[in-house]
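Next, two complexes with chain A in common: one pairs it with chain B, the other with chain C.
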Partner chain A sequence: MIGQSPLRTFIAHAVLILGILIVAFPIYYTFVASTHTLQTILRPPLPLLPGGQLWNNYSEALFGGIGRIGGVSVGQLLLNTTIMALGVAVGKICISILSAYAIVFFRFPLRMTFFWLIFITLMLPVEVRILPTYKVMVDLGMIDTYAGLIIPLIASATATLLFRQFFMTIPGELVEAARVDGAGPWRFFFDILLPLSRTNIAALFVILFIYGWTQYLWPLLVTNSNDMNTIVIALRKMVSFADADTEWHLVMVTAMLAIVPPILVVVLMQRWFVRGLVESEK
Partner chain B sequence: MATVDLRDVKKVYPSGVEAVKGVSIAIPDKELCVLVGPSGCGKSTLLRMIAGLETISAGTVAIDGKVVNAIGPTERDIAMVFQNYALYPHMKVYDNMAYGLRNRGTPKDEIDSRVRSTAKVLELSALLDRRPRELSGGQRQRVAMGRAIVRNPKIFLFDEPLSNLDAKLRGQMRVEIKNLQRTLGVTSVYVTHDQLEAMTLADILVVMNAGLVEQTGAPLDVYEKPASTFVASFIGAPPMNLLALTGSSSGPMLADGTAIGFAAPETQAVTLGFRPEDADVTFNAEALPGALVLPATVEAVEPVGAESFLHCAAAGSRIIVRVSGRATAKPGDQLRVVAKAERLHWFDQAGKRVD
Partner chain C sequence: MAPQLAITLVFFYWPAGQALYQSMLRQDPFGLRTRFVWFANFRKVLADPAYLNSIQVTVVFSLATAIVAMVVALLLAVMAEKAVRGKGLYRTLLIWPYAVAPAIAGMLWLFLFNPSIGSLAYLLRSLGIAWDPLLNGTHAMILLVSAAAWKQISYNFLFFVAGLQAVPKTLIEAAAMDGAGETKRFWTIVFPLLAPTTFFLLVVNTVYALFDTFGIVHAVTGGGPGKATETLVYKVYNDGFVNLILGDSAAQSVILMAIVIALTAIQFRYVERKVHYG
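And then the complex of A and B:
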C-alpha cells in the first residue's frame, strides 16, 4: 500500500467500482433479458430488473429444444461443448507434456530439429492450414464427430514450449538423484515430474479449457448436423437477421449458460491457477 | 563390504575436452577416499563416472572386483549425496528417504522400519512429515544423508555435500559424516575443493589437478611430503612458501642472489619450499648454521588468536611465517626468517619433489 488517506481510498474504490460496472453491466443485462418473455424483450425499453420468466425460459432452453437450431436442447449443446473443451484441454496437456519431456530429458538424433519444427508451427495460424485439415477430416470420416472436433486442435506448440521452459528449470541433480534411487524414465515422469508440474498443468488447463470452449471457426466447419454443434456455433445460428424470427429470450438464456462453465473452471481452479502463474517452485 | 578400483579412467566429452586424463585409484574396503583439487580438475566428473551418471571414455571402474562400466547407477548399488541435496521437493522427508527403497521393491514394513531407524540416527524423527522447503540447510543436508544411508548401499558418493552450509555447521557435519562413515563401515568417495575437509575426513587423500592425480596417500603423508609444487601450495593453509632457485657453481642461490649456505639434495632442484609453521623469525643477527636464513621485511600481520601470520617480503617473493601467540613484529620491521634445513622441501624443473 502506498498511501492510506481517505481520499485515495475513495478514488481507488470509485475507479474499481466503475470498472466492474462497465464489465458486469452487459452480463447483468443479458441475465435480465433471459428472464423476460420474447414480447417484453422486443418492446423497448427493456426493464432493468429481472422478470418472472426465469424458470420457464431456462427449462425450455435446457430441456425443450430450440426451434431455430432444429430442436436441439441447450443441454445437448453444453454437453458437446464440454466434451470438446475437455478433450482439447486434456489432449493438449498430455501431448505437450510428453513432447516436452522427450525434448528436455532425452538425447536422440535430430532432437533440436524436432524442437524447431514444433516451434515453427507457432508462427502458422490455424486459418492457414484449415483447408488441408478439413480435407483430412473429410477423408477420415470425422465430420460431425467429437474426434473431428477435438483431434485437429490438440497439438500445441505453446504448451510444449511452456512445459519445456519449466522442465529446464528442474535441476540436473534432481534427475540424477532419481536415477541413483532407481527410477526409470516412466517412474521419474510419474513420481517426480508430474507432481512438480501440477500448478503449471492447472494453469494451462484453465487457459486451454476456455480456448476450447470459445472455438468458433473449426466447429463451424467440421459440424454440419445441429446436434453436434457447440454452444457458440448454435448461438450464432439462433440469431436471425429478421428480429421477429429470433427467439431472443432463448438466445439470452443460451448466452448465460455458455458463460457458466468457463466461470466455474476459473473459480474452482483459481487457487492453482494463480499459483501456477506466480510461483516458480522447484 | 566393497572395494573401488579405478584403472586408467579417462573422460573425453564430445566437444573434445578431456576432463579426466587417465586416473588410477584403489580404494580398500570401508575406507573414505577424498578427491580434492581446484574447480575444473575433473574430480566431480570422476565421481560421476563411479556413480554411473557419466559414461567412461576409457579405462575401467570396478566395484568389488566387478567391472561396472556398462552398468547403470541403479544396479551399481551406490548412494550419492549431492551438493544442493537434490531432495524431491514435493515429497515429505519420509517419502524422500523411502523412494529408493520403494523403487527396489522392498516390502513396506521393512521400508518403514529402516526409514524410522535411520531417521533416529540422524535425529530426523520429528521432521518426517515435513517437506524439504520447510527445513533448514543443515536439516536438508541430513535428509540427503539419510536418503543415502537408508538404502544400505555398497558405496557412498559425496559431491561437495557441505559447500552450501555456513562455516560452523560445516565443521559440525564434517565430524558427523566421519563418525557415520566409520560406524557404518561403508566405502566412500568424497569430492571437495576444501583442503581442510579433505585433510580431516580422508583415509586416502587424492589430490587432483587438470584431470590427473598429483598425489595419493594418507593425508598427513601428503602434507609432510607433497609430491609436487601444486600439492605443496594446495594442501595446507596458509600454503607452503615456494622460492625459486638459480643454480651456480658455488651451490644454489635464491632468485635475488642470496646464497643458501648449504647444498641442495639434488642439483636439479629449482624450487625450495617450507611450511609457514616450519619457519621462525628473529631480530638477532647471529649466524645460524644448518638453517635457511632470509632477510625479510614484514608487510602485514594477521593475528588469529592462538597464532599470528606474518606476511613478509623476502628474496623477491612474498612468504608467510606462522608464529605462535601474538606477534611482536609490526609492518615495516626488518627481521630474519629462519627455516631449519631438514624441514625444507625441494622440487625440480617439472615441479616434482626431489629428496
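And then the complex of A and C:
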C-alpha cells in the first residue's frame, strides 16, 4: 500500500464527515422537530437541539392527535405498512424461488418460453402500467384489500433471476447424489436448496422489505379508505392540509415512525443488505 | 412456476395488453361511446405542448438527479477508500437514506425549505436569496433534485465502494512508482476502471429518477408551480386518474414502456460487454 500524508487522510475524514452531516441532517432535524411544540416549529429557525416535548408529542401522535386528523390510529397505519412490506418480501421470495427451481431443475415443454415471459417483466415497473393494472384490480374487486396492495408488486422478475443464477451454480453432482440417496423433488428442495440459499434469501428479504415499505404510487391508488392507508400515504395526507393547519409536530413524529423501522432493518442487517444489493443488480 | 406465471399473466400481461388496446381508443366526453382510432392518441400526445414540456422537465430532472447523486457518492466513496480507519462506521452512517421512502424524503426536504416555516429557507432568505419553491419553478426543481439525489447517494456509494475495491492495487502502486501523483492516478487509472460501475449506475439512476420519484413529485410540488415539475410518470397519473383522459394516459404509458425497454436493452448490452472484458 502506498503511504499517505496525514493531511490527505485528514481531508478524507473531513469530507466523509461533511457527507454524513448532509446525509443525516434531514433525518436528525426531523427528530429534533418531533420533540418541539408546534409554536416553536412555526417560528423559524428551529433550534438544533431536541426540545422537551418528546414524550408529549409521541404520546399525542400515538394515542390521540392523528386519530382526529385521518380517522385512523398510527398503530393501524404501521400495521398496514408492515403487512404490506412483509407480504411483498415473503410473497416475492416464495414465488420466485419456486419458479427459479422449476426453470433450473426441471425439463418441461415451453420452459424457455415461460422464462422469457417472466423475464420481460423485469423491464417494466408498476409505474408505467398503473391505469390498466388499476382497472384489473377493480374488476377483481381487490381495491382496499391487502391482497390488492401486495400481489401486483410481486409480479416482477428480479428475484427470480437472482435465484436462477444462484441455482445454476449448484453442481450437478449434488443433484445426482440427492437422487441416488432417494430424495424426491420436494425433499431436495427443502433439505438442500433452501439451506443453501439462506444468505440469498436474507439479502433479498431486506431489499424487498424496504421496497414494500417505501411504495407510494400503488398504495395511493389501491386504497380509498383511510384504514387501509400505509403510513407514507397517511403522512402525505396530513401535510396536504392548508399550510397553517398542518400540525407539523405530529407530522414529524409520524415521519420518524415511518422512517425508523426500515432504517433499523437496513442498519441491523447491513451485511446481507449490501451483499444483496451489489450482487442482485449486477 | 405456476404461481408466478399466473400472477405475471394477470397483473402484468393483461394490463399491458389493455394499455396497448386502450391507447388506441378514444371515448366521448360522457364515456358513452368508444371509438377505435389507431394511433391518433399517440399523435395527439406527441403534439401536445404540455407533454413536450413534461419530457423536457423529466430529462432535466433525471439528468440532474443522476449526476448530483453520482458525483457526491463517488467523492464519498473515494474518500472512504482512503480513510482506512472507521470505514465500516462511515458506511453504516451513509446508508440510511436508502431506507427512507421517496415521498418522505421529499416531505423532509419540503419541511426544511418550506418558505414559511422551513429553517433552511429562513437561512437562505437571511442570506438575501428570494427562495420560494412554491411559486418559483426553478426553485421547486432544485428542491426536487436535492431530495431525489439525497436519497440515491447511499445506493451509489455502496456500488462505487464495491467498484473501487475491485481496482487492482498493483496497478496503483506501479503508477505511484512511476511518479504519478494522487490526482493523476485517480483520473488515469481508477476512473477508467470504474467506467462499468459508473455506466451501470447512470442507467439505474436514470430509471430511478424516471419512476421512483413519483412520490417526491406528488408529495412536494404536485407537478407545480404551473407545470414546472410535471414529470412523465406524474403526467400519466394526472391524466389518467385526475383528469380521466384514459386514451391519452394509456398512450403515455405505452411510450414510457418503450423508454424503459430501450434503457434496459442498453443496460444488457453493456452487461454482455463487461462479461467479455472478464
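In the analysis below, the second predicted complex is superposed on the first by the 257 of 282 C-alpha atoms of A that agree within 3 Å, B and C clash if a C-alpha of one lies under 4 Å from a C-alpha of the other, contacts with A are read in each partner's own complex, and residues count from 1 in each chain.
By definition in this document, contacts are C-beta pairs under 8 Å (C-beta built on N, C-alpha and C of every residue); 3 or more make two chains touch, one makes a residue touch a chain.
Predicted model only: the values in this text are computed from it and were never measured.
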Contacts of A:29 with chain B and chain C, given as first, second, both or neither: second
Touching partner for A:138 - first (chain B), second (chain C), both, neither: neither
Which superposed partner A:112 touches (first chain B, second chain C, both, neither): neither
Dominant contact partner of chain A by residue count, chain C or chain B: C
Contacts of A:191 with chain B and chain C, given as first, second, both or neither: first
Chain A residues contacted in one complex by chain B, in the other by chain C: 281-282
Footprint of chain A on chain C - complex, ascending: 1, 3-5, 7-19, 22, 72, 75-76, 79-80, 82-83, 86, 90-105, 107-112, 114, 116-119, 121-123, 150, 153-155, 158-159, 162, 169, 172-173, 176, 182, 200, 204, 207, 211-212, 214-215, 218-219, 233, 236-237, 240-241, 246, 249-250, 253, 256-257, 260-261, 264, 271
Residues of chain A defined as touching chain B within the complex: 171, 173-174, 176-183, 187, 191-192, 195-196, 198, 281-282
Complex contact set, residues of chain A against chain C: 1-2, 4, 8-9, 11-13, 15-16, 19-20, 22-24, 26-27, 29-30, 33, 41-46, 94-96, 98-99, 101-103, 114, 117-118, 121-125, 127-136, 140, 151-152, 154-155, 160, 210, 213-217, 220-221, 232-233, 235-236, 239, 243, 248, 251-252, 255, 258-259, 262-263, 265-267, 270, 273-274, 277-278, 281-282
Partner chain A, residues of chain B touching it in the complex: 48, 51, 53, 72-74, 78-80, 82-90, 99-100, 103-104, 147
